[in-house]
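Structures given as structure tokens follow.
In what follows, chain A forms one complex with chain B and a second complex with chain C.
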Partner chain A sequence: MAELALARQLRRSDLARGGVSLWIRSGRPYLYLAPFIIVLGAFTFWPLLQTLLLSFQAWNLNPDVPSRFVGFDNYRGVVSSSLFGAALANTALYLLAAIPLKVILPIPVAIFIWSLGQRGEAYRVIVFLPTLISFVAASVAWVWLLSPLGGYLALWLETFGIRMAGLLTNADTALWTILGIATWKGFGFNVLLYLAGLTRIDRSLIEAMRIDGATDARIVRDLIVPMLGPSIVLVLITTVIFTMQQVFTPIDVLTKGGPANSTTNLFYMTYQYTFVGFNVGFGAAATVILCALVFLVAFVKFRIADRLVHYTD
Partner chain B sequence: MRIRHLLLAIVALAVAPISASRAQQTEIVIYHYQTDKRHEALKQVFRRFEAENADVKIVDIFKPDQTITSDVQAALAARRPVDIATIAGRNVYFMSRTTAAVPINQDAGKAAFLDNYLPQFLDVGRRGDQVFAMPYAFGTPMLYYNKDVFRKAGLDPEAPPKTWDEVISAAKTIQDKTGVAGVAHLAAGNKDYGTMLMVTNAGGTYLNAEGDKLMFDSAEGIAGLQLWQDLVIKHKVLPIANDAQWTAAFLGGRLAMYVTSSAGLRQVVQQSQGKFELGVANYPLFPGRSARKVPNSGATFMLYAPAGPRRDASLKFLAFMSRLEIANYWSRESGYMPLMKDPLRDADMKKYVDEFAYVRPVLAQMPDTVSTYVWAEKGALEAQSIVSKLIDDLWAGKGPASELVPVAVRQGNAALAKTN
Partner chain C sequence: MEDRHVVTFGPALRLAGHLLLGLLCIVTLLPMLLVVGTAFKPVDEIYSISPWPVRPTLENFARIFEGSFAIYLWNSFGTTVLRVTGQVVIAILAAYAFARWEFRGRDVLFACVLGALMVPHTLTMIPIYLMIAELGWFDTWTALIVPNLAFPFGVFLLRQHMLALPKELLEAAAVDGAGPFKALWSIVIPNLGPAIAGLVIVAVIETWNEYFWPLLVTDSDRMRTIQLGIRRFLESDGGENYGPLMAGVTVASLPVLILFFILQRRVMQTFVSSGIK
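And now, the complex of A and B:
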């Protein structure tokens, strides 16, 4: 601490004596950071600030009509709307269901592919292929696959005498159907992240455990999963964020938030307020609420990660 | 040096006429959502207008129909040129209140062409004495049916159902004897238009004139929506899906009857050729009623051009579009309804109707059309969401219309009252 204080004191006196060139040299790191800061400020922080300001205004995107300060009316309006309750509940459901499907399920798949070594390449390609397809194109394809009136799945089931129900037109099944499609789409990406984590595990440790008589289950439980900790945290965080964002596309293409608001979520609700209802104040208020929720979720996850994850390097 | 000067002079002389004509030409920007053959037909209209008006050049900008209203809003907010914009009828009131839309009849002397329109279509854009929107792409709901399936079920294909009771009876017979699904009814606009149609045809009122109060919790409105539930739950003749799936099923021969807009008539005729024999009939009458009442649905042109040459040119275009022969040409080529008073005064239109029999029921139904309902500026999103949920709950059998409709209307009106 004393050395640090001395170094700082020396630096200040250096600056006082050294003139312009010293200022330039000491300011150089900030110059290198400037482009990044400017871009981040312009495209992230400034819009966030604008959104916060707009959330207290009543405005309809018309530049000829001035916005009007309404205080917390927009927040009250959003929270008290029937859409908000359904959107919040569905957002929570999407998140909770995504964890076993997209965070836990890819682990054994990744371990299986990894255990095959080079022979696992074909499986890697098959699992990753859906990730490469555009979500819009995939959603449109699923609309027709799942159509109860002549969709491919319906026609196939008819050959067995089974009449297919409308999965996307039934409030009890629509959300799970969208979740299934989103899982199919993003599963390969998470498997790839786990595979990257598995390559860092020293196989000699596995051999050592085998020599000691450990079973496969024990090796997975006591060695592989703990060492995959950082990867699990990464997948958890990306899954939470992508689940909330990416389901917008299948919702918009497949169900438009219906039937009976059973598939809408906070992102879709925000879009509807701003670009369908042109109620920018409501949309901005919904965005601020959404941001707060995302920060909360991320904070909780990081706290858990700090306690549970073991970093080897 | 002299050669260089000579070359420069030649180039200047060559460019000068072009520059001069460009300097004299007024450019007007028109937003629309027409695609494929309709876009070709609209471009023909633009070229014919430009041929008659050499001092005007039209820039046509395509935007998808589902996003055109927000695209126009965005263009206006960004101060990009928008002279004429295609706006759906149900959004006209909203756009007239929240954007700088110019009343087309602001200068009465330049708007006499509006008198050519049938009043039930022009009323969509009318607010008091001001007319904010000129109709140009409208349809009316018709009953399309598959004559081959009718024959297979032992029904007379030349005697289509006239009432909803007859539709239900025919649908049941078809399902029992052929296995083909019976009937579907378009939902459209997140079930807003479908609900409006069912309610209005049953004699109910969907919205008040200001668009800020739902009114279909009357006996007639409830009866109209009970019918829609009965088609799904009681009679099991309407398979739940969405408009795109019903359309595909009908064109694929897996749905016997489909109530949808006449705007798609030409496409349906074309796509059914070689697959099955198509029939077109009028929208079914509600049980116990002798007259039908169907809200029209479609799009209008709204004027945004600033005062000066662009507005004059835009008004000239709107006047051109409303000439009988041009409006009828557009109707024939696009498949939209003819919107002019007495459209058969035009010999080409008369010949078209004589040759294209499918359009005759559409023309016969025109006196039954009423102006579409329009929503208020605020709160519409939540109220429409409540209406959509109501229909989903009815189709899921969560209760009869007499229980669910009053609750939904109360919730919808609370949402509208909160923000208006």
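And now, the complex of A and C:
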């Protein structure tokens, strides 16, 4: 591999210079890495380990009350709880709905923007804007837009004599409302990822097809969409991860998981256990389960990202 | 090169495309315009359906700055600057070690970087909460800054860019007798200008917009960041005062949007690599 060859070459030139003892030189990489590794170890990996330990204990977050070792009780408790059931079902629903909205719909949008070339720049920028706005700001804005009490949409409907329903306080509509807001915010990012994939398509292939008399529709169907294959998989996985993690903020700002657990998801559930119910053991056990799930998705993603690199080289 | 139109759809498809995109742009922009419009509305116009104020006023902004918004902005601004500076410096050093040397444990450590990319704050929140309290950092800038100084995406991105540098650059430096730090400072960093700039902007946006971390490690009004600030405002008296509330949303979003319009292309490119990572 090129990078190894480069490293070897550089090391040879280091050695050739002499002067500094070999001992210092062999410690040098660690010196450059130290600040990063220390912070990452202390505030990411150590807490992960701690979470694992906490998941076998019963504790209520009160420093005056000692924790108790309870084995796998927390795991059993979490898995059989109604909150876990609701969170799992909602997570599945969030993900299933995200596929048509955030994975498939951006494809034609990206292809169309791409076909406009430089003239599509304005579309590209506008569609991207919600990515830059924080989820809190977006959520607060939508609270006002959708509020049945003097919200903008309510005022508007009132002029037609229609009463606005409280979308976020109704267990049947709250999840879909959050999903809509998350789609509003995340759509453009996926369009951008597809646009990046489209720029990698070899244009001579398109020209060759055109010489063979292919229509635009055929070029899109037989060349562009198949060539987007790896991008589609990538966007799918990115969307799975983002949808799980990032809806935490709208859930917390808009519904706090309610009404009746209808909007909570697996990530928000761990927060509910720990900081709402003060059940550290359940929170930790739920986190460990979630961790396993996240690493599984991550593993699939890296395998595919690796393959992608080979495709594009 | 990008302006060559290799695929030009027929007029019917093109019309359909522009209609779809037009609709999408309206759905995207309309909420933003309504928010900004309402932020400038006087009290007696808040419940009118006109998107724009008839008599624009700054009183909503005056109202939130009479409250705690100046403190919120200062907390967000100060912690963002310090945290991103630290993140980028530490990421440059780590990426350089990964890109330049072969050493024992390198691949394992790099796998840890890739693994850490996948660990959101939610997964470490319980021990972090306890640690921050034990360290006496709770409700301080230190808690907002220090635990986040390791920025795995930054290491990942900069390492890639460093590996892509032409070998001759570093070889020339070695011939000139420049030590590794000199080579980093005078050759690698100047050649990575655009990548570092992109990284800084993405880190700034991420930090500025962050919600969960400040929610976890701060408590008092004087330590709140702007994002927590608008949220608390929604829950307190802002819930019914839509004018000041929308002024708050505008103030919280404006810095990032301004940054974006100055450095558009670079921001979008780095966001793409954050998705592909």
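As a working rule, the second predicted complex is superposed on the first by the 247 of 313 C-alpha atoms of A that agree within 3 Å, B and C clash if a C-alpha of one lies under 4 Å from a C-alpha of the other, contacts with A are read in each partner's own complex, and residues count from 1 in each chain.
Operating definition for what follows: a residue touches a chain if its C-beta (ideal position, glycine included) is under 8 Å from a C-beta of that chain, and two chains touch if they have at least 3 such contacts.
None of the values given here were measured: they were computed from a predicted structure.
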Practice problem: Could you tell me if A:171 is touching chain B, chain C, both of them or neither one (first, second, both, neither)? | Solution: first
Quiz item: Is A:129 touching the first partner chain B, the second partner chain C, both, or neither of them?
Solution: second
Quiz prompt | chain B or chain C, by number of chain A residues touched | solution = C
Practice problem: Please indicate which partner A:162 is in contact with in the superposed arrangement: first for chain B, second for chain C, both, or neither. | Solution: neither
Exercise. In the overlay, answer first, second, both or neither for which of chain B and chain C A:298 touches.
Key: second
Quiz item: Which partner does A:40 reach: the first (chain B), the second (chain C), both, or neither?
Solution: second
Practice problem: Check the residue A:208 against both partner chains and state whether it touches chain B (first), chain C (second), both, or neither. | Solution: neither
Quiz item: Looking at the overlay, does A:259 come into contact with chain B only (first), chain C only (second), both, or neither?
Solution: first
Quiz item: Does the superposition put A:150 against chain B (first), chain C (second), both, or neither?
Solution: both
Quiz prompt | Intersection of chain A interface sets (partners chain B, chain C) | solution = 143-144, 149-150
Self-check item: In the complex, chain A residues that touch chain B
Solution: 60-65, 77, 80-83, 143-144, 147-151, 166, 169-171, 256-262, 272-273, 275-279
Practice problem: Using the touch definition up top, name the residues of chain C that touch chain A in the complex. | Solution: 2-10, 13, 17, 20-21, 24-25, 27-29, 31-32, 34-35, 38, 46-49, 90-91, 93-94, 96-103, 106, 109, 112-120, 122-128, 130-131, 146-150, 152, 155, 163, 167, 170-171, 174-175, 177, 180, 205, 208-212, 215, 227-228, 230-231, 234, 240, 242, 245-246, 248-249, 252-253, 256-257, 260, 264, 267-268, 271-272, 275-277
Self-check item: Partner chain C, residues of chain A touching it in the complex
Solution: 2-4, 6-11, 13-14, 17, 26, 28-30, 32-33, 35-37, 39-40, 42-48, 50-51, 54, 108-109, 111-119, 123-137, 140-145, 149-150, 152, 155-156, 159, 184, 187-189, 192-193, 196, 199, 203, 206-207, 216-217, 219-220, 224, 234-235, 238, 241, 245, 248-249, 252-253, 267, 270-271, 274, 280, 283-284, 287, 290-291, 294-295, 297-298, 302, 305, 308
Quiz prompt | List of chain B residues in touch with chain A within their complex | solution = 67, 70, 73-74, 76-77, 79, 94, 98-100, 181, 190, 239-242, 244-246, 248-249, 252, 254-255, 377-378, 380-382, 385-386, 388-389, 392-393, 395-396, 411, 415, 418-419
